[in-house]
Each structure stands twice: as structure tokens, then as C-alpha cells.
Amino acid sequence: MTAPHEPIPGTTIFDGRMAMKGYPLNKMCYSFNEAAARQEFLADEDAYCAKFGLTDEQKTAIKERNALALLAAGGNIYYLAKFIGMLGLNVQDIGAQQTGMTVEEFKAKLKAAGN
Amino acid sequence: MAKIVGGVTTSHIPAIGNAIANELFEDPYWKPFFDGYPKAREWLAEVKPDVAIVVYNDHGLNFFLDKMPTFSIGAAPEYQNKDEGWGLKPLPPYPGDPELSWHIIESLVNDEFDICSCQEMAVDHGFTVPMALLWPDQTQRPVRTIPVAVNTVQHPLPTPARCLKLGEAIGRAVASYPKDLKVVVLGTGGLSHQLDGERAGFINKDFDLMCLEKIVDEPEALAKYSIHDLVRLAGAQGAELILWLIMRGALGRKVSKVHSNYHIPISNTGAGLLVLESAA
Amino acid sequence: MAKIVGGVTTSHIPAIGNAIANELFEDPYWKPFFDGYPKAREWLAEVKPDVAIVVYNDHGLNFFLDKMPTFSIGAAPEYQNKDEGWGLKPLPPYPGDPELSWHIIESLVNDEFDICSCQEMAVDHGFTVPMALLWPDQTQRPVRTIPVAVNTVQHPLPTPARCLKLGEAIGRAVASYPKDLKVVVLGTGGLSHQLDGERAGFINKDFDLMCLEKIVDEPEALAKYSIHDLVRLAGAQGAELILWLIMRGALGRKVSKVHSNYHIPISNTGAGLLVLESAA
Amino acid sequence: MTAPHEPIPGTTIFDGRMAMKGYPLNKMCYSFNEAAARQEFLADEDAYCAKFGLTDEQKTAIKERNALALLAAGGNIYYLAKFIGMLGLNVQDIGAQQTGMTVEEFKAKLKAAGN
């Protein structure tokens, strides 16, 4: 909230502004630490999202499994990771989705960083 | 008197836990990473520490945004892992050393660090993966542990300079504990990586190698960065470098490097391993 | 620019809440206490603050020993009271100012205070009783609030010196907020009292009167005490004086006393009221 | 746990040592913030104490409503206050019990502090 820093392309700092926006979404994702909560979500996604008071933007992003939209709606990657993990996806799948690559391309990009 | 004998830095990402579970030690992707660890384990077997202070970040298991402390220190008789959202199995609990925990917390609070004391604390992969890399036999718990959890979830994060100072204060706290104990400090996480955003997959090898060098003899140089600098140079999750700085501060001014390893990529990260011994 | 216009100290004990509920304002036991407050309310009506930073201690409602932070700051859109174990009724929520909260938290963390940020927070009598004394009409919430909760439950407590410094840092944080806002700071709790042990009922009038005098122009003199000194001189719960020191630190070097009142006993305490105005 | 201070007569500092001793007792008392927990306790005190793993010393002190014994068993006054409040007692009742006075004597002592 204080002195704004130069933005870092492709990177959103999860500060107070994002926290205020994302609270219900992050709270829902935090609940996925419990297996029972995951089952409840999977049994009726809409009802579970409503229970936590997600905004429409957040509900849509959840429905579409859209990582960039989830981040834009205030999602924090640490809590979103519970959602991603529950779907059986890993950080490479999500990395590929966010960068518009195939998973193979994304893995190659990581490997290239070692050269 | 208690003495910090040295420290170890290591990555803590969940993928390592999976690779261990699947015993991928000789797999070509994993071998260059796992091959770094026998030397670290040899050093630990030689040193025989009584206690490990494990500096890590909670990734949304024990702490939520309703109460997000900057620095939390466990003061529980034992610590338990949990499912974390992807069905991890329960491990045997990690014994704590609540008496030493309280000594450290008292010393730090009197030293003007505003600690959150935790008499119950679930530990996540940030804690369990380094423990499994350094003490692979899960049927044995040869060291008592003191978890030190640092907020890297909700900005503002503590500055690198503050983290180095916290480490120094932990060093003073341990040195003033009257029991004869050997203590190691683990600095977990890092090095460069970014999981979120269009910049996902960012890794900065030059920066990582520079960190691995500077942290040995010149940690003040790293403590000069701002958090924003770290995010820019090391990626959003590369800010975990602050955990290494806490470890480094605790070891005292002079240390010697026993062993190091660096490999890209492990999952989305540049993985750095470092074993440092404190001056006698 | 935001400006801290002054501060108020007041007792916060639950018995006051009961007396208010039963309208005991003219009761001979309560009258000398309640008679102190109209002048404080007049001052507030004149000053018309936009925001109240309420420095209090949680008495085991929002925080338990599993996670006991030293300094916690609310960053929620509103704050709700709760039953507290003896069936208190729900009050209309207190609106927050999350934007100012985050500004303060960022400023403090960069100033090397290790804050616990709280995006949800139940407030107990330490917060609600002072609010009811200063803004009695519960159907109106004329100020936005920022709760600052300080650990007085689990020793080690933050030192008086650290608390004065936190107050000073809050003062700097508010002064750097770009919006035009008038802010008051409440320091709640105290003065001398002890609820537990064979020494229950301990009150130290001389010490209380000395505090009421020194805190105006010489808070450093009070910041020299250790927590152990405060427990000895002011009783186990008299250590709540640290909350007054945070308030005082936030007001800046020069303040003028607008009003004060002191009465023994209210329940088990020496009750001190003080209205201080910051230098223009 | 560090440098021991000169003891203060009749006063126990709730430090790490006491915290380790009192954890289950304090956790039970903290639960009394919820009305449902209080009802569950009052319906079957022994079962509720067992659920939280109280030591025998703590169970006895609870059964006897003995404030000094609760403190000695590691109870923290802030959590014990929930138990005390639930029983309809106030801080003067408990003050009298701890100091071995009648409530009237205890109130007179408080009043005398104002002279």
C-alpha cells in the first residue's frame, strides 16, 4: 500500500490489495487441506463456492480451472496449489497453462535455464 | 553450553517428496540432484547434532490469512505433518525440544523480535522434505527439531536485512542456553523459481550461483536486497532466500564450506545445497 | 496526509460492560468512574476522528496458545465481538479501514516490526468496552477502527521499551499515509490489578498515579521498567501498561493533557482515564 | 526459561514452563468461548476433561473449582476466566477464594487500596 515499486512483468505481488480481493477464494482453497472439504467441493462445486462467498469472477475462474484468472481474482498461489493438487495437476501443468505452452515446451524452457 | 555447529541449505519442493516416495534416486532427471546429498548426510553423521532448527515457510497448511505472523517458532513436544491438500500420508511425528524453544523465544522477544509462539504446529513439505533428504530413515528421528516458520505468503514479507538479524539473534539465543547441545540450522527453500503468472518457470542461474558464493563469507551483500529485488531477480518464490539468510545469520561471522551442489531444473526450481560449518 | 490528533487511555474490564448494560451510571459505586467520561466524549466530538487505532490485549478469544503472536494488527473490512464464554450478545460490527491497516502493516514490517496481519479477527472486551465508553450509542459507528492486539497472555511479553518503539513506528506509518484522515489512538487496560494467585486484589495507587503523570511528558521513564518490574509493581495484569505505552509512542514527542480521571476500585482495578492531544 | 527473576510472592508468571504444564487445561477452557462446548462440559464433565487429555491434577482442580489448584496445574487466568464466567462467578468471588477471604472482606480490601 506504500511506495509503489516498478512492476515486474508477468508477476503479481500478493500484497494487501490482492489479499482484500482474494479472501473468500483463498479461504476456500485453504479448506482443501482437509480431505472432507475436497469431497464436498467435488460433489457440488457451485454450492461449495457459494458457501465461501466467492465473487462471480472467482466462481468462473474456478469453474474454468484458469490459473491466470484465479490469480487476477486475488488467488494466492500457495492456496491455489491445494486446488491444483486436488485436480491432480502439478506445477509444470500449471506453468504451461499460464505461459501458453505445451507441458513439453515448458519443461524444455526450464531445462534451458540450466545452460 | 549449547553450540551451533553448522548449517545446511536445501530445496524443499513437494516434487522431491514424490521422487523420494518413488525412489527415483538413479533416474537420470533426479540423479544429479540426489547425488548431492550423501556428503551432507556424512557430515551430519560425523557432527551428530542433538537438535535441528528448521527455518522454512509454511505454504498454507498451519497458517491462513486470518492470522499471518511474520516469524513463528514452534514450542511443542512434537510436530506432525498433514495431507496438505493432495493426500500426503501421515509420517511419524518429529520430536521437539520445547525447553530450548522457550529459551530461544524468550531470548528473541527480549531482543526485540516480535515472535509468534506455537505450542501446536502442523509442518508441511517446507519442513518434511529437507528432513527426509538429510535423515532418510523415517522410522528414526535422531534429532529433536525446532520449526521456525517465516511468512512468504502475504506481502509485506520480512526484509532480507531483518532476516539476517533474526538469524544472528537465534545464534545468541542458542549460545546462552546452559545445556550441552549440538545444534544445526537448516535454511530451506529456494533458489530461484516462480510458480505463478505469465512469468512462471523463471529461473536465474547467475543469480543463484552468486547467492551460493556470497552467502558463505558475505551474507550482508545478499541482505541488502529488498524483497522486491528478490522477486525480480529470483522469481516470486525465489524470495525464499530470506530463509537461507536466517540460517546464515545463526552460524556466526566465520564459517567454512564443507560441500555444495547446484542443479537445474528440479521441478520449476534451481536447487542449491550447501553445508556450512561454524568456526570452532 | 493522515494525522494522529491525540489519544485516550481507559480501563477495559468486563465489569464495566455489565455496568453499562445495567445503566449503573448513577450508582454510588460506579458514578466516580463513569463521571470521568463525558469530558473524553466531548473532546472526541470536537476532534471528530475518522479512525480509531485501538491498542488492546486479547483475553483468550481470538488467539490461543497454538499461535500466540506478539503484535497483531487487524486488516479486515469489519470486526465482530463474540460471546467470550459468558454469553455476551452480538454487537453491530465495527467497520475497519483495511487500506490504512495495510499501509500501517507495510510500514511497520519495513521498519523491522514482525507483525501478525489478521484479515479476520474477533474482538473481545479489551476492544469493545473502551469503544462503548467513548462512543456509547451502539446503533452508530462514527469511526472506523484498526485493532492492534498485544500478547499479555503468554510470557515472554514484549518489553515496555519495544512497545514504546512500536507506538513511535505506528506514528510514522500514519504520518506517511496520503489520505486526509484524523486518527485517534486508544490505549486500553490497566492500571494496577491482579486477578490470579494469593496476591489477587493487589492494587498500587502510588504507582498508578506516577504512571498517569509520567506518561504525559516522560514515557521513556516508564519504558525503562521490565515486564517483571511491572508485574511486581502493578500486579500480574497491570502489565497491560504496555498498551498505554504503544498509544503514547504513536502521539509523538509533545502532547498536552486535556483531561484525566482515576478511581479505585472498579472491580479489581485502579481505573485510569487520560485524554492527550498531540502537538499541532 | 532464561535468567530467573526474583519471585513475586503469591504470583506465578505464565511462562513457557507453565505453558507446557497447562496446555490441555487451557485448551479446554479456551473451548468454552463456544456455548455448545459449555453445554457439552456441563452435561458430562469427566468425559469433556478426558477429551482434552487433562492430567489427574487438572481434573481434580476442575472438579473442585479450585482456582489456586488450577493455576498450579498450569492454568492461565485468561482461559480460566471462561470457566469461571461459565460458573456464574466473577473476579471478586475468585479473588476471595484465592486469598481465603469472604467476598465482602475481599471487596473491602480493594476499596482500602484507594485510601
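Some notes on this structure:
Think of it as A, B, C and D in the order they're written, each chain with its own count starting at 1.
The definition used in the following text is that contacts are C-beta pairs under 8 Å (C-beta built on N, C-alpha and C of every residue); 3 or more make two chains touch, one makes a residue touch a chain.
Remember, it's a predicted structure, so these values are computed and weren't measured experimentally.
The chain pair C-D and the chain pair B-D differ in C-beta contact count, and the higher one is C-D. The centroid of the Cα atoms in chain C and the matching centroid in chain D are 25 Å apart. Put simply, the C-alpha centre of chain A and that of chain C have 39 angstrom between them.
The mean-CA centres of chain B and chain C are about 37 angstrom from one another, to the nearest whole unit. Shared interface positions of chain A, defined as residues touching 2 or more other chains, are 15-16, 19, 23. In chain B, 65, 105-106, 110, 119, 154-156 are the positions where the chain touches two or more neighbouring chains simultaneously. Applying the touch definition to every pair of chains gives A-B, A-C, B-C, B-D, C-D. Those residues of chain D whose C-beta lies close enough to touch chain B in the complex are 1-2, 15-17, 19-20, 23.
Here chain D touches chain C in the complex through residues 5-6, 8-16, 19, 23, 26-27, 29-30, 32-35, 38, 67-68, 71, 76-83, 85-86, 90-92, 94-95, 98-99, 106-107, 109-111, 113-114, going by the rule given at the top. The residues of chain B lying in touch with chain D in their complex are 75, 77, 98-99, 101-103, 105-107, 110, 119, 176.
Taken together, the chain C residues at the contact with chain B in this complex read 63, 65-72, 105-106, 109-110, 112-121, 154-159, 161-162, 165. For chain C in complex with chain D, the residues that touch the partner chain are 15, 59-61, 64-65, 82-87, 153-156, 194-205, 228, 231-232, 236-237, 263-265, 267-268, 270.
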